[in-house]
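The structure that follows is given in the form of structure tokens.
A, B, C, D and E are the chain letters, set down in written order, and residue numbers restart from 1 in every chain.
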């Protein structure tokens, strides 16, 4: 298994390389440039400064030259220097990654904590009102535009009830985490609930469940000992694949809740044409995604002995 | 007269994913099989699950890549044909599959399932084809009106009839049946076996019938080849092989069949262990780990399939 | 007793870039930097003009070209060192160095020898000299009111030892001589400042702690303000009427006409726009006041020309183009565009001067047979297209103060597109008026010439003159001392801010 | 096929989903007949931000346009975004998936490599980059959403084809002398459309939501064309003052996405005989 | 005859209420099992063998299935009316079951040791460790080589025959009185089938467990069963001790079945290999014919067969046949 993990990590390299080329080309094709964004556009741009900055950042050079410079840094683990913030991207991204991870993990925990039991219960009580209600509820969860939901939550919990701070990181206070995590996690919760329900229904049809009943196990024990684990194998597939999407969604949620994570940095830097930062954010997000998927795959072999690496 | 099909030293090895470093294991699914099928003859292939019966059949039809060996069909080397030529040759060699449920495309009506192959091969006009479809359906004991239905509306036995009609549609010379009756109920099985026997006479077909059921094979076949772990271990005419099996495996196999007669003395040879993995077949005679009369040298030297008596071949050092 | 914590917002487009005021050129950064740093002058919001800050006195020579500043003696940097004349000279020199790429370079370009440094031809500015530790002499090329330039936070005086050799660190860990010292910057989230005990104005600032929340999302800001998490908030158009109706807030709003002019620029190379009458017709055809009332909820002042009401060169007598459809049609007919034409207007997603405004023009333009097609772009893309002239028309909010001459210089025929003259406006009379203003010997004369230029610009109508922003800050009742800052409302100096005991953070 | 009462009940998803989507599609098709006003030209600043009344059933927006009419016309954009982008995704995904699954070998490796790369870039971010590159606009939204989200379809199609390939009728077709393309697209594809259809319906829902998110970031469709996402995000500042401007498009998105989700789920249940 | 049945099924009717209609899977089936006997149940696919077995275990999936009526008497109690809790006590302990598919009937994510031990721990209340010891012991009993190592393995690491042995070990762990074996060898190869049959016979001889052996293979019946029940379309059509069934076959369906199975060495001397076939198809359980269900395929049918369902006629002690043709013979039997 260790060899497998190592092999998979090695495979990250070509993936990251290809993505970095795609992204580099895409980003460099964007109209406008960071020099123009250095100041407020309400002021007249100073062409001298614009030219000076372009030279300083090397964006006057041809794309392939720039890419190789970038690649050289990348190989050494250096993501370059932010155009506008004039700081190493490593540092900028490094500061932002934890809030994003915190947010995603909180969202994940909420989803797992709510989605999986919900899916379980509705599968076991399938066909009942509870089942229909929870599934319609779950589908509704994915159907809500995120920022809309976020605003509704903010209004409810901050203005009307005054229970939670409306936005911001709040020095890592738990209260600040709640609403963004819910907003981010609700779609994922719904997804997990549905995936779990489907998986449980599938497992319930398996012959070995009948075997377990034939042994005289109570329903509770059947579910606990035999359904659960096998369900997890199936749920993990969905969970792993969709976690990547979750990381992508932080873009919206972080923006809305002024959350100092990678997502908001990414959006800002795209709009500001701060290519090194954009590139850095994307690569880090992808790396997180790849690692998460690797972990999920390794988890498979833990929950499912049939899979051996 | 030449043989209709001859298979020489057929080998099919499947790579199993070994992964990154490229070191791959192979499944020796078929490992050096020689077979001949005369015109109008029926050859049975029997053996336990996983011994390579299906693979032999598919490779003989060129439906999977073979690793080695030579296939002569009706005098032509199938390897020398271009893909379009090969597709044309397929008209003459047809297949009936084990599972009547999955071998028919659930989205095609019976008429289309039978008619489309003719269209693909450019046989006749639209109306000729539909006439022939109707005629074929009658031949296999279905009514032409049923042609507009979808496979799921038929029972297993009826579907197998449709499969047979489809194979007949192209006027083949040879039909390979891969466990054509195994999935059917006993009472239906008899119907299909009878149908196969009937159409063989009518259309002068050659059959290769693959089965794990020795009784079925005995009923339809002229000759029989017993396979074990990718190899033919015994070959001969049905009468002789059943009456007087030579290879210890054949003996065990025959004795293992439960007989529907409560008074028949039971003298089963119970083999120990399971069929070994075709990834790492045992050295020497592949049957030796389970062989009740294993002797010295069995685990070292691999026996050749050699003629033991006239028309009888077996691969065993001690028989 | 404690002075409490004041929580404010930094609302403009995401995280700060840098707290090194010489290197950044974003308002977002200035909002914070303003309270850390001090310059020679400061903007006096009440009088709407620059006044001395780090200097106690200035002597101007008769030709208006030599300024002699007497510095305060009790100014301490946050690192404890006392500010001297050397710091002033070093700071201005730093701004002038090309590597600094400071946007403030243009503010000091008028000092003798500064141009050479900016162009990289010299190392030090010859026009600056130290008389003694607390006296600086400055000679200028042209006699201008230098206060307008040197009151900006971009021209802050910074301690050399905190910067040299650690430029990068300085931008995230600034040292100034302002009322608040830097504590912490949580990237993307907030900046925390704290009262500087050594501040030169005794007893000030009153508050202990100053927090800026980085909150670009207007709706989120509104919620945070109502929830009491923000002590004050810049008010968006959609919130304005609500706040006006809210009995708790309505008396706690401060308004100012900011020195920003919202315009639609007509590309002079787009054929129909080459005709002055077409441009005037468009100005006549639009009921700007209605748009301001409905879309901006009256959170703007209708434009009566380019220079805003708070500008020293503003003419009260000037009236904007009257909403007069008949006149507009007449002009169109005269110009030969009776049947109209189609043009595309590029815009950002901004609520007050973006694509929404362009949308609202559709029915007005229809009436003079013009089809206007809004095209939404992002800021960077729009900036690029403006600079390269690839547009028919654009809508934007452009700085129009505080120095009216500098403001209007942007539209000289000699100013290239890439330097801000996006419509490529060219009028010899206009240039001449500005030349006269620059050469004027007295302030009054200067203003007269600027007014003239402004009138020419108005008459030529290279723009649709839309409005001047009305900036509003709403604050909670416990906050005292928010000022109407016309140059940019958010540039609030909190030296004099007080919180009373009803503040939840006191 | 094992059917049961529970299966019947499970179909309520499908039915509700189908009804909702049918309603939305009907709304899009008959927009000119249904909408009381023109969504763009009937702007009247004099009646801006009117609350719902008998004249304006859902009120008016800031520009003085009828919200109801804009929601009705907006269905055209939102639906077309969903349908067109998902069509592109499905075409790409299905073509690559079917060929990769059927041919295997190096082509499969290549396609899977590409798919994995696409999967590892969160599609929202890819779409964001493409939209920033192309600028806001309807066609660009089609492109950004249509070329970034096919990897899922591709993977599912491939795995479906891989398992379908093992079913004997494919072998049978080969034995009957069918050509490769005929087998791939004539024999296999019709049998795997089920899961693809499910993914496509869910993808439509996803695309509609993503368009709204892009609008939130100022990268959606071009005004003044009404799109739900655009209406919603434009009105977010009026969320408390004139809630009707954002509530109706929000509801419309919700209902449509819900409809497609339910439809997708229902189809999934319908096509899978073992989910009761 | 004195009733000393260990288990008696009386008039069992089980139906499935599905979308397509009501599947009459089991219709009034009655039979009994003596202690220590092997009762064979044969019939074609879908005739209700498994449903009968699952009804006894009360494992019918509900919904859609339901035991509509009948009694299953075990140990003086009616299983049908037991509480689920009481029923659970019986399952796996007193009555065990093994299934056709050894591949899918074992939980893939648990070691076989745990799965065998689980049932023992459950009914005997022993510790995990003891149950593992029991698992090793049981594996040894079913002749799995190296049981101590095997208990730690997962089902996928075992061959089909091995898995079926594990199933048997699991079923026998608590020394049940009754073992229901639902086609235990159908999925296996002939040589492995022979091994398993051999094993079951040996264990049965030792433990005296009653076995209900469900199969569609007459050969297995002939070799293993003491008594046989032949089912057709949800009904028992014939029941008899093994030898009389094969020698004095009563029901036309049983006869047809025996003739249609190819048997080695039964080819005619002149090489005519046609089999005697039963024409037609099994009737749909959703729409059973009014009279005898076999009537449509029966070569001897008459009008009465089509309209009236024949009862089971006793043709000789312990030999009952559901066919009008046996009506006359039954008088004799009834008198005896």
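Going forward, a residue touches a chain if its C-beta (ideal position, glycine included) is under 8 Å from a C-beta of that chain, and two chains touch if they have at least 3 such contacts.
Because the structure is predicted, anything quoted here is derived from the model rather than measured.
Novice: Treat each pair of touching chains as one step and give the shortest count from chain B to chain E.
Specialist: 1
Novice: How many steps does it take, at the fewest, to get from chain B to chain C if each step moves to a chain that touches the one before?
Specialist: 2
Novice: Between which chains do we find the greatest number of C-beta pairs in contact?
Specialist: Per chain pair, the contact count peaks at A-C.
Novice: Need the CA-centroid distance for the pair chain C / chain E, whole Å please.
Specialist: That pair's centroid distance is 91 Å.
Novice: Using mean CA coordinates as chain centres, what's the chain A-chain B distance in Å?
Specialist: About 53 Å separates the centre of chain A from that of chain B.
Novice: For chain B and chain D, let me know how many angstrom lie between their CA-based centres, rounded off.
Specialist: Whole-Å distance between the two chain centres: 48.
Novice: I need the residues of chain E touching at least two other chains; which ones are they?
Specialist: none
Novice: Send over the residues of chain B in touch with two or more other chains.
Specialist: none
Novice: Give me the residues of chain C that touch two or more other chains.
Specialist: 219, 377-378, 381
Novice: Contact residues on chain C for chain D in the complex?
Specialist: Chain C reaches chain D through residues 218-219, 222, 236-239, 241-242, 287, 290-291, 294-295, 348-349, 351, 355-356, 358-360, 362-363, 366, 374-378, 381.
Novice: Which residues of chain E touch chain B in their complex?
Specialist: 44-45, 159-162, 189-195, 197-198, 216-223, 242-243, 246, 256-258, 260-265, 267, 273-279, 281-282
Novice: Touching chain A in the complex: which residues of chain C?
Specialist: Per the touch definition, chain C meets chain A at residues 12-15, 17-18, 23-27, 98-99, 101-103, 105-106, 118, 168, 171-172, 186-190, 213-217, 219-220, 223-224, 226-229, 260, 377-385, 387, 396-399, 410, 415-416, 418-421.
Novice: Touching residues of chain D toward chain B in the complex: what are they?
Specialist: So the residues of chain D in touch with chain B come to 167-169, 171-179, 182, 187, 190-191.
Novice: Which bits of chain A are touching chain C when the two form their complex?
Specialist: Going through chain A, the ones touching chain C are 30-34, 36-50, 52-53, 56, 84-87, 92, 95-96, 99, 151, 154-155, 158-159, 162, 165-169, 171, 255-261, 264-265, 267-268, 271-273.
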